[in-house]
Structure formats: C-alpha cells, structure tokens
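The two complexes that follow have chain A in common; it is paired with chain B in the first and with chain C in the second.
And then the complex of A and B:
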C-alpha cells in the first residue's frame, strides 16, 4: 500500500516542476531585471568610450578632440601615415608586430614543453611553479625597470628585440603555462600509452597524437601570447631602448599630439586587433574543417 | 628470437609502488590461445599484472615469459602483445580508419597499403560503414569494436583487455561479451581480460584467476572456480554459495562430521580426511541451488543433512526465486528455488522451514 503511494508521488513531482518552469517564462523574477540593467550598464561603460574614439576619428580637417563632430572624412587617417610630426607609427607598428610574433612562437613552444614537464612531479617543481607565478604577479613597471637597470649594469644596450623581448616573455610565458595546465587537464595520458602500445616512438607520439589533440589549446596559447605582447606597455617602457613599440608610440603621442589623428590611430590598432583575432578563429575553424573533411558528405 | 606463441608464464612476479605491494609473488601459466580472466575487487593488483604483461609497467621482481621468452624490459611491440584500454583511448582527432591504421603508419607503411589492411580489419569487426567517422561520433559498442580492430591489426599473440565492458550499459555488455569471445576464437590468440564482474569472468574465460590483495586465491576453469571454490574468499566473491563456519566433531573414513551455530551432526565428504583433525575450525560451502526447502521435516535417507530456518525475505528473479533466510550465526543463508517449483506451493515471509541438502553436495573449504 505504502509502496504504491511513494511511486505515485514520485511520478507527480516532475509534472509539478514542469508547470512551475512554464510560469517562469511568462513572469520573470525582479532579479532578472536588476541583473539585466547592471549588464547593459557594464557593456555601455566598456564599449562607450571606445565608440567615441572611433566616431571622432572620422572628422574632417576642422575636427577637434571633443564632441561635437565636425564633418565626416578619412582625413586624419591619411594624416596619421603621412605627417612625420605625429610620430613613427609605421615603425612602431612593425616592431610591435614582429616582437609579438617572436613572443608568440617562444611562448607556444615554451608553454607546451613546460606543460608536458609539469605533468610528472619532479624535484623542486613547486618552487619552479611559484617563481613562475611570481613574475606574473610582480608589478610590470617594476619588473621592466629592473630589467632596464640590469642591462645598464651589465653594459648591454637595451633593444626592443632583446630586453623588451625578455620582459614580454616574463609576462606571456607564465600565462601560457597556466593555459596549458587547463588544456592538459583534459588530455588523457592513455592516448600516449596507446600510441606506445602500437609501437610509436616518443617523437611519433608527440607529432601524431599529442600535438594534434592539443592543437586548439596551442592556438589559444598563441592568441594569448600575441595579444599580451602586442599591447604590453608597463614592462616595455624601460626596456625597449631607443626605438618605441606601438603602445609606447601611442603613449608618447598622447603627450604631444593634439589632433584627431590620435583617434585615427586608436581606430587602426583596433581594426588590426580584430583582424588578428579573426585570423586565429579562422585557423581554429580551418583545423576543425580539416578534421571534418574526412567525414562522409551526407 | 621472434615470439611465435602466446603462452604466458608469470614466475614470482611482484610489484611495489613505494611501500604498497600491488602484486605479491604471483606464479601462473596461461596456455596459448586461452581466454583468461583476472577477477577481483579494485586494488587487488589485477590491472597491474595486465600492465606488466603489456610492458607498460616493469615488475619489481620476477620473470614474465611470453612464448617461452623473458620479455621484461621489452617494448610492447617486441612482446607481440596489444592492449585494449579501459576507456578505449581512441585517438580523438583521427578517423576510425586512421585509428586502426595507426600502428602501420608508425611502421612507415604507405597510406594506400595501410588503408587497405585497415579496411580489411574493419570488415572483420563489421564496422566498414564507420570508417570515416571520428571516435566522438560513435556509440560505446562501436568504439569497442574500433579499439579491438586497432589492437588486433598488429597481429599480436596476446591481446590484453583492461575492463573492456565496464563503459557499456547492461544489455550491450552482454552482447559485446559474446562478441569478444567470437573474436578470440576467430583470431586464435591468447586473451587476458581484467574484470571485477564475476558473471563476466565465468561467462567468458577458459581460465579464471581470482585475486585478492596482490595474491592469486584460485586459478582454475570457470566451472571449478564457481562450483568448487578453494576458500571462503573465492566462494563469497563468486557468489552462489552459502558458507558456514563450523567445527569438526569427528573424522571417519571418507567424511567428517561438523557442527556450527544452529546446526549439528552435519556430515561432509572429504577427499583427504587425513589433513583434518577433530576440533579444527572449517568453512562449509553449500550451493544455493543445491538446497531444498520443506514445510515439515522430510523423510530422506541418512545421506541428507538438514537445518531449521525462518524465511526473512523473498525475491523473484525470473528463472528462480531467491529465498533469504535469517542469518545462521553471522553468515548469510540463501536458497535458490526453481521458479515453477516455488509457485506450486509458495512460501511466505516469516514462515519456519526445513532446509536440506544431499551430503555429497556440501564442500569443505581450505
């Protein structure tokens, strides 16, 4: 008797739950509106200022640094790349891109190897990990000054491709390794064992199993490395030597350029960033399509 | 040099991880072409033995011989073994065909050649139509076939299977069990299969190896392990037996008389009575399906034994009815009554009955 009642109760419960969830769709709780308002305010605060810059960069020759808009043209973009007084934008851009690419390659290789290394426990692994995280936590400006001082003390001329490269790696490498930890946590070491069981050498296992399986994660590490280096400012300030990277160039322009070409520069660098992110997503999509290509066309 | 036969011999094999002894001096011989199941609870060392045979773990001591040759220190391919991993470990980025062809790619075979061999193997395990799929798009049963094909393509002499059915649901497990046995006959090689499910082991194996805490408790044919367990541990792990603690009262010729809680004057035949002395404590095993239940004391011959019991619970199992008695001392007492027989005159919970068995059916455990 009792047993039957329990069974019926259990059968009724989901039905009741379904009715309640149906109500939810019609009348949202007040908390929904509070959170929605906070979210909209957040998005406006995030993108509003940037949108102002993009809009103001499209003024004509009469344009100033504040609203209202005066005319509509690409004048300041032309000005940006033709006027010498605005600064060495082209050179800064080339240096930043080159530096970011080198940093990306070193970060991907370093993080991949470190990630594999940290899977097995070794003597002093805790210390290595904390030293690594330390350089992530240390204030960038102080770290940059330190590197600058060290180079001066050793009598080596700082350059964007030596001291600044090291400064960037002190930022991107620990970051990359932490990302690799997350990526590797989903990697099943049974795959490596299976490869070994089938006769693969260490190198064949790395090349045909480990790297292809981790490829999307490695692209993510590359993306992190590139963007962190490309817009790095604090660590670069005292380490780039006589030639500026792009962020330093922009910063110095804010001190002496008072025309909307500053805004034009903001627009151009934003577009460059989006192109890079788009290219990375394209690579990931291409990797996935390459996998899917083997599937039947149904 | 090349290993041609798949007979396996473990000689004094042990394995320690730090202070923990996973495998504690194991001696075993598995004949070529046999289906061998290692059975035991998790942590009993069965998987470690499998991994040592496979070459993914080195023994701390002892020898492992395959085809008469000591293989300790050799890589898996040189041992002519192949392993099927617990969750199959199929390469997620490779199609089924590329997964199966992986071992051939490693050996530098051309794409056309290895695809031809792989396709033949896919046909053998009946998954030709899945050749272009990725592992993530397969069901559990299909994944198992791919794993089997991938392992078998190296033409191993020994196939090692680590809990191959545990990832499948009940119905598929029984289906794939039959499939494994078919493949083993088909390939004609030695299969070593690790499981913690007794039904799986006795359904599949020529040799069942029951393990506990790194030691082999019994290694015998499936029927012997089930019907003639060597000790209490094996009897309880395989199930289907009632195991009572008793004391030997007297030893006479081919049998001994024992008594225990709620029972006395129970006669049990023994093969070597010389090794048993009066006053000794022994375990008495009686199969659950060898016991008959009666409402009134039956008038049976002298070679029948009986004890009184009260029914505590009744479970319908389909082919038979499981009648659970009140514990005898501290041990479970269960009787399996054939379904038709039970329903001729069904017993009720709480009823007092007499349980009897033929003396020849009782078994004295080591």
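And then the complex of A and C:
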C-alpha cells in the first residue's frame, strides 16, 4: 500500500466504519455458509479438472492419460512441437493467434459502432438486432457448412484468413455488441451533451468523451473477440480450408493421440489464454486507476 | 424518427451488417437451397428440386431418437446450469458484502470461459475414466469394489461436461440482472416482514427474469447445436442432431445434412422465440 492509498483510506474511513457497524448488526445468516460452500465446490469443479491435465502434462516418457503421475519432465511439450504425428501444432498456433488478433480489431471497431448505433432507434433496427441474435445462436457447424458451400459455389478457395475470418466475425461481433449494450447501459449521455454544449463536434465528442469513458468496456470487448476466435472450433471446421487453426489441431489430437502430448497442448493453449486474460484485466485495472486519479476527490 | 437518424443508425451498424449478410444470412439461404437438392452420393449436388431429403428425415425413426436424445441433454443441462448459476449469482450479489471481492469472485468464475472448450472437456478424462481419480479414490476408500463405468463415455459424462462448460452463461446474465435490483427493495421487503424465501421467490426471481431468459437462450442453443461434447464424452455411445449431421458431412452427403440443419434451425428459432416472448431483452439490455 503506498502513501496516497493510505491517505485515501483515511479519508474514507468514517464512511466505511458506519457501514461496518451496520453490518455487524445483522450477522451472516446460515444461507451464507450454505451458498459459500456451493460456491467453493463450484470453483473447485471449475478449475480442478483443468489443473489435473496441467499436472499430468508434466510427466516423463512413461506417462499416461490418468493418475498416478509417472515422473516429472517437459518431455511431452518437446514431443508436441517436434513430432510429426501430433500434427502442425506450431503452424496452427501461429495461425490462430494471427486470426484472433485480426478478429479482435474488427470486433472492437464493429461492436463499438453498432453499440452506438443501437442507442437511438432507427427504421429496421429490430431486424438487424434479431439477425444478430440469430447469428449468435445458430449452430456453429451449420453456419460453417453454409459458408463452405457458399465458397464452393462461388468457386473461391476457403482459407483461414477469408472464410474462417468471416465465420469468426459472425460470432464475435454479435457477442461484442451484446457486451457493448451492457457497457453502454452504464454510460451517462449527459457527458456527451455537456461536450456538445461546450462546442465539441460529433467526432470530437466520440474521440475525447465517449471512447475514453468506454475504454475499459472496449478492452472487455477485445478480450471477448480474441478468446472467442482463438478457441473457436465448430464454425472453423468447414471454413478453414487446407490449413488448421489450433482448436482444429486439438480436435484431431483428441481423436488420434492418446499420449500426454494432448495435455501438453492443453497446457500451452491455456497459458496463452491466461496471458491474454491477465493482460486485458491488467489494462482495465490500469485504466480505472488512472481515471480515479484524474477525477477530483469528492 | 427523422430521416437523418435513420441514415446515421444504419451507418453505425453497417460494419455489423456487412459481416452478417455474407457470413450469416447468405450461408443460411445456401443451406436452405441445398436441402432441396438431389445428391449423387459422391459429394456432388444435382440442381434438381426434390423433397426427398425432408421425406427421409421425417420418416426416419432415427430423427425422432436424435431429437429426443438431444432435447433430454438440453433439458438436463438447462436445469443443472440454472440451479447452479442462480445460486452462485445470488451468493455473489446478495451475500458477499464487499463489492470489490464480489467482482473478483465473479471474474474467478468467468476466467475458464476465456479458455478452450475442448481442453476443458478433455480435462474430465483423467478424473472420470475407469482408472481415473474419482474411481481410484472411491476404490481405495472402499466405497466401491469395482470401477464405476458410467462416469466416462456415458450420458452422465456428457451432461457433466455441458454443465461444466455452460454454467457461466447463466452466471453472467443472472449476476448482471441481480446487481441491478435495488437493495432498498429487499430492505423494504424485510422490514415488511418477508422471509428470506419470500424475498427470493417474490423479488429476486421475478427481477432476474431477463438474466434467466438470456442464459437459457445461450445454454439451450449451444447444447442443441453441439456435436463435439457428445462425440467425445459419450465415447460414440450417444449421438446428437448435429453429430449425426456431422457424420453426413464427413461422407459428403450435403443435401440430407442441409435438410437436417434446416429442421434444427427451425426448432431452435421456435425455442428462442418462445423465450423471447417472456421478456423484451433488447429493452432491458439497452436502456
């Protein structure tokens, strides 16, 4: 805890003390303990299995798919990137990251604009909205088949950076727009009006008021865009063309590979996911803190 | 509604529309068209109108079995995710008093959503297998003397994997809905003598309707459209509508698969429309 935080804490202390004493009056009810147990059990069930495969991926060459652990080494990670039978993991990894980055940029821009557009009603907005919901809930494989057949009919070779890119966007954009709805519902349009009253142009208002205020929400949209694309499988299956993305590699491994290589791949891809999640949450926290510093203390 | 606001609105949503038309609407139309075509059995389609694909679909006993099986999975998963999701969200919103802690715990629940579904699914294998952790613990403590075979590669495993993956889709919208309930409403109810149960029944439940509806749409549509959880977790023992469709695709039988896809889409749309009738999601989401 640094100096400013201590000062800040001291300033808020009276308010907090009042809340605390109020809380002491009502003791934690029995339901708290029951639900806390449910919560802990849920989190354990959520993370437990994943932890198992991370641990099992660290076995040595004798390792199998189940406990007990046999040895401790990075053998299966080396195996993963050097063996031909495990497929083109490295290429899949690179393609998935590239695709996810492109999808992220397009998703943030598209969802931001659509989010702003949906704030005011316009003729046909309901149709766009329901088509969007449709795209979100349509079975991924069915959509993939449709896109695959469409490309076949048009005589265009499907590629991960064309047909699969479109397939991913048809899923990440609606998701991003829904997140934008949630973000915008907490956005006070009085700020915009204030900017306009002070003579800001439409574009200046967006650039200097709307985007800075919504920045943490936009990072959240980016996180959704990246991870939904990076892990997308069903829509990619029929649309990626001849080269596989990482989830497709994982899929073919689940069907063919019965060694801890599979777990090693799970560990690698999850580490990548965690780096992205950590970075996004870090940026959001940083933006919030910077904002808190800039706001005059009230 | 002026002409200007109409143009501006369409301009704002134009990137979204530019993706939805070629990568959602047209492909769906392509599938619809393909479902009425004849196929030559070698991956080719003959541009000749036929209702044969639908006739085969509706007269096959397999179709009924697939739908019943998939709907059974969807219902079990829906019940499981709703029960768990509701109480997790309720706990976070109404029982964790420190808001920062509540948000932290909420994030803890959402992190796995941002990791690979397939990996989270296969991570049940070392736990549920015949020689898996659950069986070995139960055997060594003497609860059972033979490994429980139903744990992996069974309907039980399929539903477990679904609930594991999809509860998050209930927690997020429910957390969102419940966070918006004015705490003073609850205080007022308590002051007026409502019991804890009555507060949940008459205040929290009705006011989280949108959350429940949104979560249900996600859970039901994902389960109805899934094929890889069923394929891997049932070990090939069970099939779903889409996993059967996927088999058709792998032998390049596009028109029958397309017909099956169209029927599935109609069923999913009816389900979602029924849910949407109960709430105005857009109104409650947007403003």
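Quick notes
Criterion: the second predicted complex is superposed on the first by the 246 of 298 C-alpha atoms of A that agree within 3 Å, B and C clash if a C-alpha of one lies under 4 Å from a C-alpha of the other, contacts with A are read in each partner's own complex, and residues count from 1 in each chain.
Keep this in mind: a residue touches a chain if its C-beta (ideal position, glycine included) is under 8 Å from a C-beta of that chain, and two chains touch if they have at least 3 such contacts.
Since the structure is predicted, the reported quantities are computational estimates derived from the model, not experimental observations.
Clash-free side-by-side placement of chain B and chain C is the outcome of superposition onto chain A. In the superposition on chain A, A:46 contacts chain C only, with no contact to chain B. Legend: residue contacts after superposition of the two complexes on their common chain; A:266 is shown touching chain C, with no touch to chain B.
Legend: residue contacts after superposition of the two complexes on their common chain; A:182 is shown touching chain C, with no touch to chain B.
After overlaying the two complexes on the shared chain, residue contacts for A:143 are found with chain C alone; chain B is out of touch. Look at A:250: by the touch rule set out above, it reaches chain C but stays clear of chain B.
By the touch criterion defined above, A:223 reaches chain C but does not reach chain B. When the two structures are aligned on the shared chain, A:197 is found in touch with chain B, with no touch to chain C. When chain A is checked against chain B and against chain C, the one touching more of its residues turns out to be C. Taking every C-alpha of chain B against every C-alpha of chain C after the fit on chain A, the minimum distance is 10 Å. Listing the residues of chain C that touch chain A in their complex gives 1, 5-6, 8-17, 19-20, 22-31, 34, 84, 87-88, 90-92, 95, 97, 105, 107-109, 111-120, 122-127, 129, 131-133, 136, 164, 167, 176, 196, 217-218, 221, 224-228, 232, 242, 245-246, 249, 254, 257-258, 261, 264-265, 268-269, 272, 282, 285-287. Chain A meets chain C in the complex at residues 23, 28-29, 31-32, 35-36, 38-39, 42-43, 45-50, 52-53, 56, 65-67, 106, 109-111, 113-114, 116-126, 128-129, 131-135, 137-143, 145-147, 149-150, 153, 166-167, 169-170, 173-174, 177-178, 181-182, 184-185, 223, 227, 230-231, 233-234, 238, 247, 250-251, 254, 262-263, 265-266, 269-270, 273-274, 276-277, 281.
Of all the residues in chain A, the ones that touch chain B in their complex are 188, 190-191, 193-201, 204, 208-209, 212-213, 215, 291, 294-296. In the complex of the two chains, the chain B residues touching chain A come out as 54, 56, 75-77, 81-83, 85-87, 89-95, 98, 102-103, 105-107, 132-134, 150-151, 154.
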